[in-house]
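In what comes next, chain A is part of two complexes: it sits with chain B in the first one and with chain C in the second one.
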Partner chain A sequence: MMTQGFTLWFTGLSGSGKTTLSREMEGVLLERGMKVELLDGDVVRTNLSKGLGFSKGDRDTNILRIGFVCNLLTRNDVVAIAAAISPYEEIRQKNRQLIGRYVEVYCKCPLDILEERDVKGLYKKARLGEIKNFTGVSDPYEEPSNPEVIVETDKETVEQCVAKITRTLELLGYIPVIGNGAEYSAEEEEEIKRRLKALGYI
Partner chain B sequence: MLGFLRKPKKRICVIGLDGVPYSLLRVLAADGTMPAMAELCAQGHLQPMKVTLPEISAVSWTSFMTGAGPGTHGIFGFIDLKPGSKETRFPSFRDVQVPTLWDRLGQKSKKSVVINQPSTYPARPIQGVLVSGFVALDLRKAVFPARLLPDLKRLNYETDIDTQRAREDHDYLIQSLHSTLEGQRSLVDLLWDREEWDYFQVVTTGTDRVQHYLWNAIADTTHPYHTVVRQYYRAVDRFIAEIVERYRQKAGREQGLTGLFLLSDHGFTAIKREFNLNAWLRQEGYQRLEQATEPTLQNLSPDSRAFALDPSRIYFNRKDRFRDGCVETAEVGNLTEEMSSQLLALRNEGEPVVREVFRCADIYSGPCVPHGPDLIVLTYSGYDTKGNLVKNDLFTETDLQGMHTWDDAFFWAGESVDGDLMITDLATRFERFLS
Partner chain C sequence: MMTQGFTLWFTGLSGSGKTTLSREMEGVLLERGMKVELLDGDVVRTNLSKGLGFSKGDRDTNILRIGFVCNLLTRNDVVAIAAAISPYEEIRQKNRQLIGRYVEVYCKCPLDILEERDVKGLYKKARLGEIKNFTGVSDPYEEPSNPEVIVETDKETVEQCVAKITRTLELLGYIPVIGNGAEYSAEEEEEIKRRLKALGYI
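After this line comes the complex of A and B, so read on.
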């Protein structure tokens, strides 16, 4: 089956799970025989967007550059996965319009949980004023208005988030549905048969 | 002046009564068996509703929750064919091709609590809580999120009664109807205030079960199970009453009961005879079973032109669909006409049996139409079409007492709906209400 490209865009505060989930999704999509490129904000800032800072203007440039690359990949039938805070709705919408085949995943997680997690120790530094313009603490984050998927990473496990994103991609027709017919074990099939027979079916 | 008071948020609560016909509900409301229902009828509107064909729970509930027909959602029955093959399989929730109402509400950050929804197994993540109903097998796979599992275990929550045992042992049936209803009641009790929700739904399937096995007991006052069956409907009525009261309090006075809805997924009527479609196809020369092999669809003789799947689906053995097919695409039109006129002319003891034969291309639309059957047979009340491959008699008796109907499901709402109501209309109504 020839699959078309699309962009899977993860947005959310620092520590909300973008890198974790984008790597998981990379695995899922590779397993389904798709070509995948992952653009993680942290990595992009060391090359493509090297030298850019965290002002509104620099942030916008960074996100638009990632969007530009995602679009190139998408139109060449690669799945582009982006994992970047991408705090501004207007800029995300611009990318959505440019790319077209664009699926947005909002990694939602309350700030107090993120500060507890503090994977990189950044929230602590931000609170101490050692980092300026830190999204969620001293810089804005605009919630997405129409994401295809919302994962609440404080309530759902990584596995559940991955299942939800995968299912949405299946339902939107971006990836082939697998497991047709293999949903039930032989034992389970027997049990279903037994119950249906008793209701007069089969 | 009271502008500073925030408007209470809009909430929907839906109660599903599997298989309860409009006509029966009116009787039970009027004769005092279901006083809460009677009160609802006085305050709102009870009306008949049509459902998608075939009129079985797997299809109807999927049509309800997606707001689309089988041609779009892809579920045509409890069993289906593997692609390109005559091997059968059991479709699951994963086979539903479009998002459900709760998926769509979830995208708008609205939360749903959905309890005992048939045809949602294995449960998948939604914004909120989903507890799958029939054919949920393993409770661990029937619950999202998994944190609810200990609660369900503690409540002795069961997804369904043991249908095989219930068919043979009606005392067991009655007792387990009450215990599953109690399980649903206590789960509503637990989740109602604990979970955050915009949309709350609970379905009870016991009503379908009792109607399959003891339909006649409802009306027949001399039936040995008459009283206990009536008591069960009384219990269902109390279940409804409790939820209505909860809803009144939660929704607030301004909203009243405008966000409360009740429905069934099909109607019911008494069975006179089972009508075995495959036996009929063989009698008319459309199908032959190879001698000395196990009677399965794969073992039909290669010149068989058609076969049926439960309950009322006819498939042509098309070359463009099956590897060993024998019906040319160009023949389909004639075959349809010939078969339809023969079915419509069929008589049992002088009575007509088949009311209408639908071409699926006419009644369905959407990308899944090619995966569905070619024809759907709609019978007159009392003739329950069956896809059994082994039985050779056209008409057989059964110990089952009730069969489904497609045009006698019910819908209750605070406001009446103009014109014919179809089960696929509801999802968008609900979505609109909440937006």
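After this line comes the complex of A and C, so read on.
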């Protein structure tokens, strides 16, 4: 099957569900016969970002570099999935401009819940000053101004989030429509359409 | 047309013709209907290598990083063309292993001829010590041990080099065969086949 590429970009605080959802979406898209490359934290740190730190400049370089690679893939009919905190709106917008077929998923979760869970113990270390420039604690996170999808990962299940992202991609015409929509309530479908209308897509 | 990807990797000293030949080959492959991405010096410096210097470690990181991106493209049916001095055999071999469908073109030209031409004035600066770690002058260049193509850019014209690379790709089965072979002498054809036989391809 020949399909056009696009970039599915996950942004959000550490622990907000980017990696989990990006892996789930990789599976969904592979099942639909797409070519998919997942650029998640580990892949990027090992292969693209070695030598970069967490200053504003280095973070920007990192995010633009991931965007560059996503663009190479996207324009060659591959779906690129990126999962990166990507805290700065200006830089995300630069990638959006570059890539064109760019779908932003904002993994939204209140900071106090992330700190309470603190699966990796990173927030605690950040509060103690053992990690510097930690997004949300000692470094800013700018909320996306026009994400194609917002998933509230403290309220929605993984399945719900995946369904919402998938349905958005279907409505954008980026992936083939399958199934009978039974996974979504009429209400959820309405919410997705409202957002895409507001962004001028449909 | 659906074709499989591969990586065409140009290695050689500064001024040996990598950029010229990589651009020519980009044109040839686009004409044959392939998807092509050219990762040449400028593209790489701007988008992938910012922050890296010319130490052994940084050079290796740079070449492996380009190889990582070439591999992403190659396994998604794109032809990736890289033009990079890539002086170390071990690192080139790592990329070869990773990528699999990897065709190495060694742009061979004696150092004294490159120094005499010195189009960009870099060799002079390197001799004066104004540029440190300059490959061929103050940093090593390890000749490739098993390149698919050797072009002697002080003796062969651009057209001859392009014909030799193109014919090699045809014989490898990586690009469709077109034309009547009139561009190559029987002798040149024999040379190409001898090399591919020695490497175990045919």
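A few notes on this one:
Here is the rule we use: the second predicted complex is superposed on the first by the 177 of 202 C-alpha atoms of A that agree within 3 Å, B and C clash if a C-alpha of one lies under 4 Å from a C-alpha of the other, contacts with A are read in each partner's own complex, and residues count from 1 in each chain.
Please note the rule applied: a residue touches a chain if its C-beta (ideal position, glycine included) is under 8 Å from a C-beta of that chain, and two chains touch if they have at least 3 such contacts.
Please read all numbers here as calculations on a predicted model, not as lab measurements.
Annotation for chain A, partner touching more residues between chain B and chain C: B. In the superposed model, A:48 makes contact with chain C only, not with chain B. In the superposition on chain A, A:164 makes contact with chain B only, not with chain C. When the two structures are aligned on the shared chain, A:30 is found in touch with neither chain B nor chain C.
By the touch criterion stated above, A:195 is placed in contact with chain B alone, chain C being left untouched.
Judged by the touch definition given at the top, the superposed model places A:184 against chain B, while chain C stays out of reach.
Of the two partner chains placed around the shared chain by superposition, chain C is the only one that A:65 touches, whereas chain B remains out of contact.
When the shared chain is aligned, chain C comes close enough to touch A:73, but chain B does not.
Taken in their complex, chain A has these residues touching chain B: 146-150, 155-157, 160-161, 163-164, 167-168, 171, 177, 179-181, 183-184, 188-189, 191-192, 194-202.
Put simply, chain B touches chain A in their complex at residues 56, 78-79, 82-83, 89-90, 92, 94-95, 97-99, 103, 106-107, 109, 122, 124-125, 127, 134-135, 137-138, 144-146, 160, 163-164, 166-167, 209, 212, 274, 310-311, 384, 386-388, 398, 400, 403. Listing the residues of chain C that touch chain A in their complex gives 35, 37, 47-48, 50-52, 58, 61, 64-65, 68-69, 72-73, 76-78.
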